[in-house]
Amino acid sequence: MPNNKTALVISAHAADFVWRCGGAIAKHQQLGYDVTVVCLSFGERGESARLWKQEGMTLEKVKSERRREAENAAKALELHDIQFLDLGDYPLRVDDDAKFKIVDIIRAVQPDFMMSHSKYDQYNTDHMYTTEVALEARMIAQAWGHNPGQKVLGAPQLYLFEPHQTEQMGWKPDVFLDITEVWDKKLAAIHCMEGQQHLWDYYTNVAENRANHFRRNSGGQSGGRPAKYAEGFQTIFPSCVDVL
Amino acid sequence: MPNNKTALVISAHAADFVWRCGGAIAKHQQLGYDVTVVCLSFGERGESARLWKQEGMTLEKVKSERRREAENAAKALELHDIQFLDLGDYPLRVDDDAKFKIVDIIRAVQPDFMMSHSKYDQYNTDHMYTTEVALEARMIAQAWGHNPGQKVLGAPQLYLFEPHQTEQMGWKPDVFLDITEVWDKKLAAIHCMEGQQHLWDYYTNVAENRANHFRRNSGGQSGGRPAKYAEGFQTIFPSCVDVL
Amino acid sequence: MPNNKTALVISAHAADFVWRCGGAIAKHQQLGYDVTVVCLSFGERGESARLWKQEGMTLEKVKSERRREAENAAKALELHDIQFLDLGDYPLRVDDDAKFKIVDIIRAVQPDFMMSHSKYDQYNTDHMYTTEVALEARMIAQAWGHNPGQKVLGAPQLYLFEPHQTEQMGWKPDVFLDITEVWDKKLAAIHCMEGQQHLWDYYTNVAENRANHFRRNSGGQSGGRPAKYAEGFQTIFPSCVDVL
Amino acid sequence: MPNNKTALVISAHAADFVWRCGGAIAKHQQLGYDVTVVCLSFGERGESARLWKQEGMTLEKVKSERRREAENAAKALELHDIQFLDLGDYPLRVDDDAKFKIVDIIRAVQPDFMMSHSKYDQYNTDHMYTTEVALEARMIAQAWGHNPGQKVLGAPQLYLFEPHQTEQMGWKPDVFLDITEVWDKKLAAIHCMEGQQHLWDYYTNVAENRANHFRRNSGGQSGGRPAKYAEGFQTIFPSCVDVL
Amino acid sequence: MPNNKTALVISAHAADFVWRCGGAIAKHQQLGYDVTVVCLSFGERGESARLWKQEGMTLEKVKSERRREAENAAKALELHDIQFLDLGDYPLRVDDDAKFKIVDIIRAVQPDFMMSHSKYDQYNTDHMYTTEVALEARMIAQAWGHNPGQKVLGAPQLYLFEPHQTEQMGWKPDVFLDITEVWDKKLAAIHCMEGQQHLWDYYTNVAENRANHFRRNSGGQSGGRPAKYAEGFQTIFPSCVDVL
Amino acid sequence: MPNNKTALVISAHAADFVWRCGGAIAKHQQLGYDVTVVCLSFGERGESARLWKQEGMTLEKVKSERRREAENAAKALELHDIQFLDLGDYPLRVDDDAKFKIVDIIRAVQPDFMMSHSKYDQYNTDHMYTTEVALEARMIAQAWGHNPGQKVLGAPQLYLFEPHQTEQMGWKPDVFLDITEVWDKKLAAIHCMEGQQHLWDYYTNVAENRANHFRRNSGGQSGGRPAKYAEGFQTIFPSCVDVL
């Protein structure tokens, strides 16, 4: 279906897409979008503490385990296209070859919108580096002179999804998405992240409280859509509309 | 038609609504909205230099002339509801009576969205004061205990329209509205502002360049809606959506 | 005990102190501090929607009901000094008499620290106005020439407690307080707020997730204090220390 | 001399102009400017701790003492026009009468530049309030309809002079003025402030270190003007030039 | 003429210097400055869409065409020194060799002021990267130990010229330059940019509206220099002056 | 003494640790901490102008001289562990090998707190680059999968020490440390920096004025700790406490 709407998520580590935009993925898949998730690394060094505490663990085992978890989560979200670039983490390093591979993916997907991390993250420099890469790759994908003849990219929004400890990063959501009807799928995806059980309740709380923000901003105490779970996003490009 | 969509513009001086959101007014009127504009003052002292340079000018004459211009502009925009609170300018002063009158208007209109000035304006303190008043009145209109029994306000967006010298005020648009099809009306309204001819070309330029931003953000060089005139707005409340 | 440590909370409406710093109050009471809470209004007009939806409600009944709730919450927190200035809400108005009364309270309490709202709040202008008042009253209380002979105030920290929708207000916590051992008291106080049941779970989620931040910032995955409930605060004055 | 260049300093309390722009005053007087300083209050309640610690002190005695000090400082700076509006301090209150008096002064002086406090000051709300007043009065003085027939004000820069604890207030200097040749006068003026001896060395240090900034920004280690004392200022309006 | 004043513009792509500071270049050339423009790339991949849409286009042809256009524009501005470093675009990459070449140019020119792009640009990461490079090269050029014996750089201002969509980049001009008398030259240079005709009117509008800002900030409605075309710049180093 | 408290300072150039946190080092050494200072470079090219002005100077001589000065300063501060990575300056370059060496040091030290430069520095890009490196190395040191089996890092604060021209860098101190009792040591260390005598008085002034801030924020005119010398620091991670 070449006319399908599409979306592209660029995730520094294998699990980020689950906590931060699993609901958006499931909802848009359900709406008929083809969503692609690119995991630049598995989070094998820096986000797999539970695995490393096990006897005899190796880097390959961790990566394979993290991949399995991410693939399971993708299934739970009914996400059919997840790609692993295996670029290493802590620190993540994206050389020009890897960057052009990301550009290729962007052009192949031709996303209606993109998603990535917050602009700043003093706790996790991989995260902010991923956003830098996403912006640069988006720009290259728009260039008529990059692989001339290919279809260039339009101007999709880049949504910055929710970081951990939002206020420390100066992240400010300006869009809330109602994910009530796909919450079961997101929760199932969360439960695939066996190595990070300490975050299951955390991101359930986040979803409940973002729904409170949804209700308050869509009508306040005099009504408001009764969303029960929501996700927040920060846009970095303005929107273009016909009606306010 | 009680079910009509409505909008409310709170304008510090009589002409502000023309330059800053005349296109949005005309477009939404055309879309079937009932738009209300409230002018807190006529801009009689501070924004009528051309009139004051005429022999024998009085405050009443200036106010009456400014009112005439604003009413003509309203007609050009096919705006049917414009109200003048005559609270004085340079400085504008809104006491509690005036504030409650604004609350009454908000509740009567029940706007789907509101508009007012930028948060900061070191050139024109009336402008930033108007935004403070708009926020406070919006809050009071939401209170169940203010004139109990009246229909309380929901949670309409407050769009901050474009100030003069945007960067000095730290104003950043995140929504561009295509006003190409109502540009003739906006231009006609602009031409009603006889006392401020030095701004006619200025705001034509603004509209043309905001359309460039519209095109660039809606598809860039690979397409993009061919808007020829646009207006920019800054939101201060997040939006709540079902699809990104 | 004249040598007791003391703290002063300035709350725009009767319930704010519960959601935003109930844990800090209970914990410091338990530590032997004498905490004073000043409620500038009852939130009778703007934060009592549930009551106003009842038949035959009057302003006095709402105020009395809100007072009762706040006093019950105070008891639950083992807070012995709660004062109601009854200055009205939506909008709150603090004239010079009221301001000097607040100064009198500050001087009487001589707080080791103070607490109030965030600097900015586009949803609730009473909140940011309260912080302006708190800063001005703190300054007057420090003046040797205000009621000469009285003991002037030192330089207590003003902690800004957590607003609703933190990111919208630009509020950024730089101190997390472990309230695990007094959580039962805070939860009991929350349950006294019968008119705002929609917020009970919300602020439980907040407390749980702030504890996650506490753990992460006090040692991360390699340890970290196992706090289960926490509150966050933003300081606006630097601290003075002997050891980092 | 109607063609003289002029400058206007609006100072919240009697001593502020000495510490914060005494060098600029002396230098511009020496250059032939007519500088006017308006002290909105004497700082009698809040900035006269040393006096209030004396036996039998009264408000009038403090004011008279502070006035004497300020007049002496003015003499030391060879400043001939200092005006005291006696509006009270901690808190300073400027009603409309007082505001229009300030407008009258601005129009009489027709300053080539103005000076006042920083935009924000959490320690001293009188300071930031003075800047609000200065901006509003500047705007009114520009209005053709305010006292029609009077000469309206042009568009003088408003320089924000250095607050105490610059970083806390978010104050950022973008202009450094070399005051080396008038330093003796500024120091003499500083020594007139008998009630605030704890600040003499402080502002000497400031002047020395701002001179370091002058040297570094005017040529660095490869040269740079050898200024020994300087003052820093923040502009809030852009400048208009013919050569960069 | 070794004593001539000089200026240096560092431009990411071949055309940037025309739109963003063509007036400043022409004006300073006319004032007797020797201006040097360094184009790090030709914008061959990312800013030549019109060319790439032609049959049989190659990278070399695009670069040669872009070079021709830029050289023509330089002539129109009476700019005699334009250098092309041909470092590639989308993405631009400056390795240490290239960086030291830029340092060599800075030291050879010994500019009285420098110019480059805005600090942030989410649309065009080449732009913000160029500013990073400019700051680093400026610093190296100031180092006595870099190529000892060469004349080190002083402390020239770095003016950030106007980006496209200023507010999105957080760019705020604090200097406006009147370019009325060289406007014909800038317009002629603009017309050399045959591949970007969609921007001709855009930057004419910008120049007209910046002139409005010039007029308003140099005297407002009571006078003000009647500039008809202007350019805006943001400084990032403070200035050092003898008179305000 | 494995149980000793420890601290780690990452300094771009050999002298930075003296001016910016010499007091903190001496004080914590005196309190029994083991402080480690890592100098990434000697500042041989960019911060040794006085040496380069001498006849016959070579890079090796400069480095050896700068090393001698830094070691002498360390002795004056009673600092026993200073390490020189000799990575070059103007520009400083940290490749992955060097980065992992820094990670090794962090893990070996297991600091209770870390220190480095301000986030932004347009005058000195080496400084802000060092802070980026410090954040990335801190993150890698926390990763269980980096050199598995080693003791991972907890979550130490990163204090940003005082840059030159604080306001230009947007640096804002939120902690002041009383260094009165170790001032003699810091002054002695300062005097070891023979090549930068122009800064001796500058940083003495800074220490005196920061002490004024200490006094004002620890009690103001009604008391306040009588600190005579202090240093300021900006935290970038929140703190976790049991009492406010």
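Note that the chains take the letters A, B, C, D, E and F in the order they are written out, and that residue 1 is the start of every chain.
Just so it is clear, a contact is a pair of C-beta atoms (placed from the backbone, for glycine too) under 8 Å apart; a residue touches a chain by one contact, two chains touch by 3 or more.
Since the model is a prediction, treat every value here as computed from it, not as a measurement.
K.L.:
Look at both sides of the chain B and chain C contact and report whether the same residue positions are involved, with over half shared, or different ones.
P.N.:
Result for this pair: different.
K.L.:
Could you find the chain whose CA centre sits the greatest distance from that of chain C?
P.N.:
Farthest by centroid: E.
K.L.:
Which chain's mean C-alpha position is the greatest distance from chain D's?
P.N.:
A
K.L.:
Based only on mean CA positions, could you tell me how far chain B sits from chain D in angstrom?
P.N.:
Their C-alpha centroids are separated by 37 Å.
K.L.:
Between chain C and chain E, what's the gap in Å when you average each chain's C-alpha atoms?
P.N.:
Going by mean C-alpha positions, chain C sits 52 Å from chain E.
K.L.:
Among the residues of chain B, which ones contact at least 2 other chains?
P.N.:
49, 123, 142, 144, 168, 173, 213, 216, 221, 237-238 - these are the residues of chain B that touch more than one other chain.
K.L.:
All pairs of touching chains?
P.N.:
The list of touching pairs comes to A-B, A-C, A-E, A-F, B-C, B-D, B-E, C-D, C-F, D-E, D-F, E-F.
K.L.:
Tell me, which parts of chain D touch chain F in their complex?
P.N.:
Chain D residues touching chain F: 49, 123, 164-168, 170-173, 198-199, 201-202, 205-206, 208-209, 212-213, 216, 221-222.
K.L.:
Which residues of chain A touch chain F in the complex?
P.N.:
It is residues 44-46, 48-49, 52-53, 57, 59, 62, 89-91, 93, 122-126, 168 of chain A that touch chain F.
K.L.:
Taking the touch rule as given, give the residues of chain A at its contact with chain B in the complex, in rising order.
P.N.:
7, 24, 27-28, 31, 113, 142, 144, 151-155, 157, 159, 173-178, 213-214, 216-225, 227, 230, 232-233, 235, 237-244
K.L.:
Using the touch definition up top, name the residues of chain A that touch chain E in the complex.
P.N.:
Touching chain E: residues 96, 99, 132, 135-136, 139-140, 142-146, 148, 158, 236-238 of chain A.
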